[in-house]
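What follows is a pair of complexes built around subunit A, which joins subunit B in one and subunit C in the other.
And now, the complex of A and B:
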């Protein structure tokens, strides 16, 4: 199986395909409305020299644009989550619970918190699927 | 209480505590220690009418540049915006809150707007702040919310029809003055309700999926102090020893739940508060034992600690038997402190609980509950049992 470098367009394409292929995702996400941006703060010592902006569009179980993008596009998302590279890697590897990370300030989120909580099963599902994408992490290359 | 080998947590509790009878007279000294020169005092009309502000105003002298007292029982987004605008015009460089949870949470949010500018609805999210906010000194006049030491603020947003939860490590109060005299005039019902708010914080910190050894220790001692001293406060409100110990318990419970967070009791209390305007502490107190019963299979070890704090764990009792004793003790305790036992006693109607059950599922607290909740019908069942 091909491995994809984390937070690149190829990796995002593989992630989107994995979500679309998951039979449990669509019914679980039927109530979700709104795009999500992930902002990864730079960490040159771990192979992330610049901020990475990712935009992902989710709508009632369908997935739309999944893009590595610029800052303006990311900030247009309904939910914008920001964190250091190491934190994102911990979340992707399920070493860090995303809800706990938000409450402890390890990740920041702009957006409607009660909405995210109401749909926490959908959020956990997309994180689960991310764990299935064969990923090359920049600090391990 | 056992902990898994993968236990990991952050504990955050930077607020300095000043305790003692008449310690609130030192407000000017403590304000100066934080670098404050122009204080806006945030309070409510009940505090002013009770005469609790006089010695504070006298101590502050001309360092008090304004008093903002238009704060209702359940504060709102517009209340915060108006307060920040007033404080800005007065040139305040420190906020001093004198009051209960609604006043303290209003002041917390005013600190954000005074530092960052804008309106409260501009701050929609969690842990968004990147720098310390202007100093906030708290003098609680109730013993329950623990808000004097937490990063959270709860503010009603009428447009959303729901309370907004703000959680910001950069906005925790710098200093709290716990003066038992400031709570000595609290009437019985308010003493009971706010005391049960503290009790609920402690129990929920114990059963939260994010509980850890530090918060467990704080919570257990808070329960011990409340079990011993809250009934005394109900019998004799001017007992300053009991008042002081209950204040300390509320602060301990504040640190506990501020880190371990809370669960279903708060989710339900927030929702029924938003819909039927039940005071938060009363709602918590009425719901607590029933929610413990709901959770009991998921966290008997936690409730066994509650039983130990109440002194009802007998030798040879296993955790489940102790947990059952804890639930019964909690029911009996609410009767001892003369708390209303049913939501219908505080004007809640059948239609209210149906709406509240739906709303509770979207409350941030519910994700930390030890028993995973799949459907609003489970929440409705608890509401029905205490209606």
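And now, the complex of A and C:
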């Protein structure tokens, strides 16, 4: 099975395909409205020399654009989540719950927090699916 | 006198109508700090522990701490302490609001009330001193009414009052501060009622000196920035403590149908913090000097549960009067909260007792005749409202529930005991130990009975806070495992118990870094304590209260979870999970230094400087 280098377009395409293939996602996310950006702070020691910006469009159970993008595009998202590479890796590997990371300040979010709380099952679902994408992490290459 | 303290305590003897000041030596303050820890020390030094909780001889103590009145975020707190009328062991209940800082500014670190007034009175404490004043005309009035009367007398008064429940010695009675802040747990409103003390009003203007103003200002500036940067603070401000409802239903934290159902997302969605924000919230409200403002102000404009604009329910109340009763109507929860506030009753104990009654009614253990003809079907909020009133006035079946769930089950008999969720006589708050095993241990070992606020386990196990600078901690704890939890609970107790002594709000202390709190504490007091000494103080705090309870007969046999919690759910986030009681207790006892009877070891008492307690426990 192919492994995808984390936070590349190929990895995002695989992630999008995994979400679309998940039978539980669409009904669970039927009320979700809004794009999500992930911002990964640089950590050259871990193989991340520059900030990585990712844009993902979610709408009523459908998934639209999933892009590695520039800063402006990321900041146009409804929700923008920022964190260090090691924290994103912990979240993807399910070593750190994303809500806990947010509450502890290990990840930061800009956006409507009550909306996220109300739709927390959807949020948890997409993170669960992320954990299923076979990922090659830069610090392990 | 140490900085940060007002420098004196007020001793009120209501029998003699006498008020005198007394002081506590600095070395005692440094060891026991303030709040409920110092309250336990004063009780043990001055009063017999076997006193009847409702006898005139039983003291009622209202205690602040050295950080109260400083202006540091979250330090509006005070602890009310006594021997609990509900449980018969150590009782305490902390409160935010406005009363604590003004008591300090009126010149007192705390109040110790003895005796019983021959007729209803209130205590007035201002810059001019204390006065005991006739309150006959206020007896019978609810907390909102009497608070309004005092505010009309003087808008600057900060009011602490009981309602009809306290007057009627209801053992789940609460004490309310300015209508929106309550010392709810352990029934201390009944202690106040037993003394014929309707209210205490304070107004003070004296500045409390700090040892190092500049150091304090620097710590305060950092604290405010940490609040601004915190998603937890943002969530609490926007959704109140009820932000937990949606999240908790996923993890198995939220009890449903008197702890018998593992999940119900329709209920949590109807009762959640975001729903309250979209429907009945009119504004957020803050305790004195709090930048978080997690309190809810709500208004129900129409329908059977219409209310005026006023204090709204916390998460705990949305649990006890919502999910626990299978009630999806948030307006009904708001109305139940308002009535409990007015009558002066703890919403956790009151809602839990009603959930117990509803379950027993459904099973046929209780007949309609036995419950005064009420239809106690799940979710029937009309009946719930009537039952709240009956409990407050000890009318009919209300009198059965008025002493709390455990005593109600004992009175009802038959299979009722199987349906009570309590530890040491106090109903569990709305956090299910099947979803979070550490919370189960914390319930077993909390000195006031099942409690989520005698420690910081809620923060550490559920991931609201992470304090690797204080003790060894993982980034993430799985709720449904018992491995590694004893150490987490032990450490989270040693830190979290201090919040009720310093005194600082739990939520704010979850948000602000421990080093910032410690820097502020040291700048206020001038003591220069380190984390080790702080955690040692926490250990002392826990141990002195345990010793108090040991003197009253509490042993290892009382450190246990109820049958219902030891029965796994078949659905939900905690399906199939129960805490490993044996493992948790074995590891915890070793860490805490408890012998097989559940007594603190003699060398532990010596290490903590609790020699007097050692003498009493080992005489």
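One rule holds in what follows: the second predicted complex is superposed on the first by the 141 of 141 C-alpha atoms of A that agree within 3 Å, B and C clash if a C-alpha of one lies under 4 Å from a C-alpha of the other, contacts with A are read in each partner's own complex, and residues count from 1 in each chain.
In this text, a residue touches a chain if its C-beta (ideal position, glycine included) is under 8 Å from a C-beta of that chain, and two chains touch if they have at least 3 such contacts.
Predicted model, so just to flag it, every value in this text is computed and none were measured.
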item	value
Touched partner set for A:102, first subunit B, second subunit C, both or neither	both
Subunit B versus subunit C as contact partner of A:61, first or second or both or neither	neither
Which superposed partner A:118 touches (first subunit B, second subunit C, both, neither)	both
First, second, both or neither for A:138, with subunit B first and subunit C second	neither
Partner chain in contact with A:90 - subunit B first, subunit C second, else both or neither	second
Partner chain(s) touched by A:110 [first = subunit B, second = subunit C, both, neither]	first
Contacts on subunit A seen with subunit B and repeated with subunit C across the two complexes	99-100, 102-105, 108-109, 113-115, 117-118, 120
Complex contact set, residues of subunit B against subunit A	10, 124-128, 162, 165, 167, 169, 210, 261, 361-364, 366-367
Subunit C residues within the subunit A interface of the complex	229-232, 234-235, 238-239, 243, 246-247, 250, 265, 269, 272-275, 277, 462-466, 475-476
Residues of subunit A that touch subunit C when the two form their complex	90, 95-97, 99-100, 102-106, 108-109, 113-115, 117-118, 120-121, 124
Contact footprint of subunit B on subunit A as seen in their complex	80, 99-100, 102-105, 107-115, 117-118, 120
